[in-house]
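Listed next: structures, encoded as structure tokens.
Below are two complexes that have chain A in common, paired first with chain B and then with chain C.
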Partner chain A sequence: MQFELKSAANSQELWLTGRFTFTDYASFRKLVGEVVETRVPKIVVDLSRVDFMDSAALGMLLLARDEASRRNQSLILRGAKGQVKRVLEVARFDSMFVMEN
Partner chain B sequence: MNDNKPFEMESSGIDTMSLENDLNPRSSDEEDRAHLLLSRWMDMSVVQRRVLEALAEEISGTSNMVESNVVELSEGFRELVSSVNDQSQRVDNIIKLVSEVELDGNRIPLSDLTKLLEDALVEVVDHIANLSKRAMEMVYALDDVIVHLEEVDNCINGIERINSQTNLLALNATIEAKRAGEAGRAFSIVAGEVKQLSTTTKKLALDIRQEVNAVAEGVRSGHKTLTEVATMDLSGHILLKERLDNMVAALLEQNKSFTKVLEEASVSSRDMSSAMGRLITGMQFQDRFKQRLENVVGAMSVLCEALEDTEKQTYQKSESIREKQSQDIDPLLIEKFLSRMHMDEVRRRFVEAIVSGESPADDLNVPKKEAVLQHTDKDIDDIELF
Partner chain C sequence: MRLVGEGINPKTVKRIALQGGFSSLDTIENVEQDDDLNDIVVLFIGTLDENHLLMELKKPRKACVELVSEYDDLSEKDIAFLTANDLTLAVRTETAVKVPISHVFATAILERLKVSQDQAIDLETVLHEAIFNAILHGNLEIESHGEDAPNYFQLLEEKVSNPSFGNRKIYASAKWDHEELLITVCDEGKGFSLNQDFYKDIMSEGYSGRGLYLIQALSDSFTLGKDGRSIEMRFRRS
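Presenting the complex of A and B:
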């Protein structure tokens, strides 16, 4: 799993590439912590280059959402496709996150 | 009345016969020929009468046979209608049964069942997501504990560092006290106390380190177990819902097709039932046919009676006619009749009736049931011939 942080006008974008699994928790947590600290109103997690996501990754996204909402930031999931999209849909993440294509 | 006129004229001729015989011999010859012709007509009348009687019997017998067969057929069709109605009732029950399932003693429509299943699966998926979240929360928390434990370790290192300096200080103080001699005696006691404190602190720091190590060991073990739990990927289980959704949709689709076929079967049964009802109604017209044939037979009886009357009147007028009649029926005529009759039993009855002058009525009124059964057993196609 590779991470890339991109800054925009009033948002921070976290681009993920590869398989998003439990083994990535330390770096993901650290990055989320950094992004949250910037206090931008909008945090975008781009999943368009993620081809697999396990249940631990779902847990990490839910924790990131809690973290962001504590600081009144909105967390947006963008570009999910294939298995990632299906898992997110079945787990009804569309009712908990703003989902973008 | 007109028919009787010639007989009257003839009979008046007979009365004057004896007178004219002597006067005109040709007249007597002509009279003989007329007598002969009349006796043939009388023979023919007998034959006609017997044939008419035989035919009337044949018609009545056939009509009765048709009647009893139609009654049996109607009865059979009624039973069929009742069976078909039962069948369509069963099909309707099946339609009801296949669209519902019994759950905890309640009948639930399949469509509601999919809703129940959907709700249950959504709950399971929610639990999985929540479980993953809690597991990760624990992982994060234990990570933090490990960081804190490392800090505690650093603190113990600091205590030990200070303690070793204190210990060194105590040692230096003891040396300086000795050098001061008597004046340094009290200071030497303080230095000894400080050394004692340092030794105690060292021991305490060691104990803390051991305890912290034990805690760290426990936390690492917990972290390891939690990692094992968190790495158990449940995303496959989440997608199981997708598969179950598809399976349920396929099942519902199949159930729909099944119900459609059953509904078609039910409609066919009802069509069959109403078609048979129409057949039964149609067969009730047999009664009309019977009445028509009775009318025909009635007319034939009147004709027979008229013939018999005429025969009697003729015999009364002339006894010699009866003597001249050949009591037998012309075999050639019988042969001609028989050549037009193709069924053995009809031929047999006909010959018996016209030869003896009595109709074998009882034989006809009872339909040849055994023969019918044999026929149907043998080959359905033969019924037409029958």
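Presenting the complex of A and C:
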């Protein structure tokens, strides 16, 4: 998994690339910690370049959402497709997150 | 079955073949791709990268087995998996953490079977979740991850580098007929008992516990082995 951070006016965009799985736990949490400390009102996690996601990654997204929420930030999931979209749907994440195409 | 080594002394392969009652090959190079026996078992030592493992599971191979050292023989468990299945991948836990073996094994199945794109997606997802459980809760004996275990990844790395955990094997195997594909994942841990709450975990917004839910939702059926070290997952072929 590779990560890239892009800054916008009122948001931070976290672009993920590759497979997002249990081996990414430490690096993803560290990155989320840095992003939430920027205090921007909106965080976008772009999943359009992620080609595989597992249940551990689902847990990491919930952790990120809750860390953002504690600082009154919103966290949005964007661009899910293929296997990633399928897993998010089956896990009912559409009712837990704001999702954008 | 015919055994061949990858990076292993041919004499070692011959010794292992003799011990198990199999034949051996010095190299696979002279075996044609259209060899329809599909009985070649590749033995290797030391973690191979993803592309190398993909190559070692291509037809006409039927299995790829990682050995801990040149002094190893095939275990009774190895032989049972090899003889009972059409395709088997058996690797040390350290390899299973470093290499996306669910992708490798799903790709090998899809080389041999025609399935829909949706079923291919579900197959790899289910396989990955079973392997993740086998690694974490099985061989590494780590009970939980998520908010209640923020140091879990450090624990995972520590245990993987400990040979008594890192050398335990993960088995992924598949067999099929015209009606069904059966995938089995097995570990060498203490045994896993099904969390009775796993059906309600999916909407609880907890940070872990979705693996078995995904397996249940995306396979046609699954069965946990009585010893808690294996899971069988079935897909209808239609």
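One rule holds in what follows: the second predicted complex is superposed on the first by the 101 of 101 C-alpha atoms of A that agree within 3 Å, B and C clash if a C-alpha of one lies under 4 Å from a C-alpha of the other, contacts with A are read in each partner's own complex, and residues count from 1 in each chain.
Definition applied: contacts are C-beta pairs under 8 Å (C-beta built on N, C-alpha and C of every residue); 3 or more make two chains touch, one makes a residue touch a chain.
Since we're looking at a predicted model, the values are computed, not measured.
Considered on the superposed chain A, chain B and chain C are sterically incompatible, since they clash. Within the superposed three-chain model, A:41 lies out of touch with both chain B and chain C [touch as defined at top].
Using the contact criterion defined above for the overlaid structures, shared-chain residue A:33 touches neither chain B nor chain C, since it reaches no partner.
In the superposition on chain A, A:59 contacts both chain B and chain C. Contacts of A:19 after superposition: chain C is touched, whereas chain B is not reached. Shared-chain residue A:82: touches chain C; no touch with chain B.
Stretch 130-138 of chain C is the one among 22-30, 130-138 or 184-192 that clashes with chain B after the shared chain A is superposed.
Judged by the document's definition of touching, chain A residues 21-23, 25-26, 29, 54-56, 58-60, 62-63, 83, 86-87, 90-92 lie at the interface with chain B and also at the interface with chain C.
In the complex of the two chains, the chain A residues touching chain B come out as 21-23, 25-26, 29, 53-56, 58-60, 62-63, 83, 86-87, 90-92. Of all the residues in chain B, the ones that touch chain A in their complex are 122, 125-126, 128-129, 131-137, 139-140, 143, 227, 230-235, 237-239, 241-242. Across the complex, chain C is touched by residues 19, 21-23, 25-26, 29, 52, 54-56, 58-60, 62-63, 82-83, 86-87, 90-92, 95-96 of chain A. Residues of chain C that touch chain A in their complex: 97, 100, 103, 118, 121-122, 124-125, 128-129, 132, 136, 145-147, 150, 152-154, 156, 202-203, 205-211, 213-214, 217-218.
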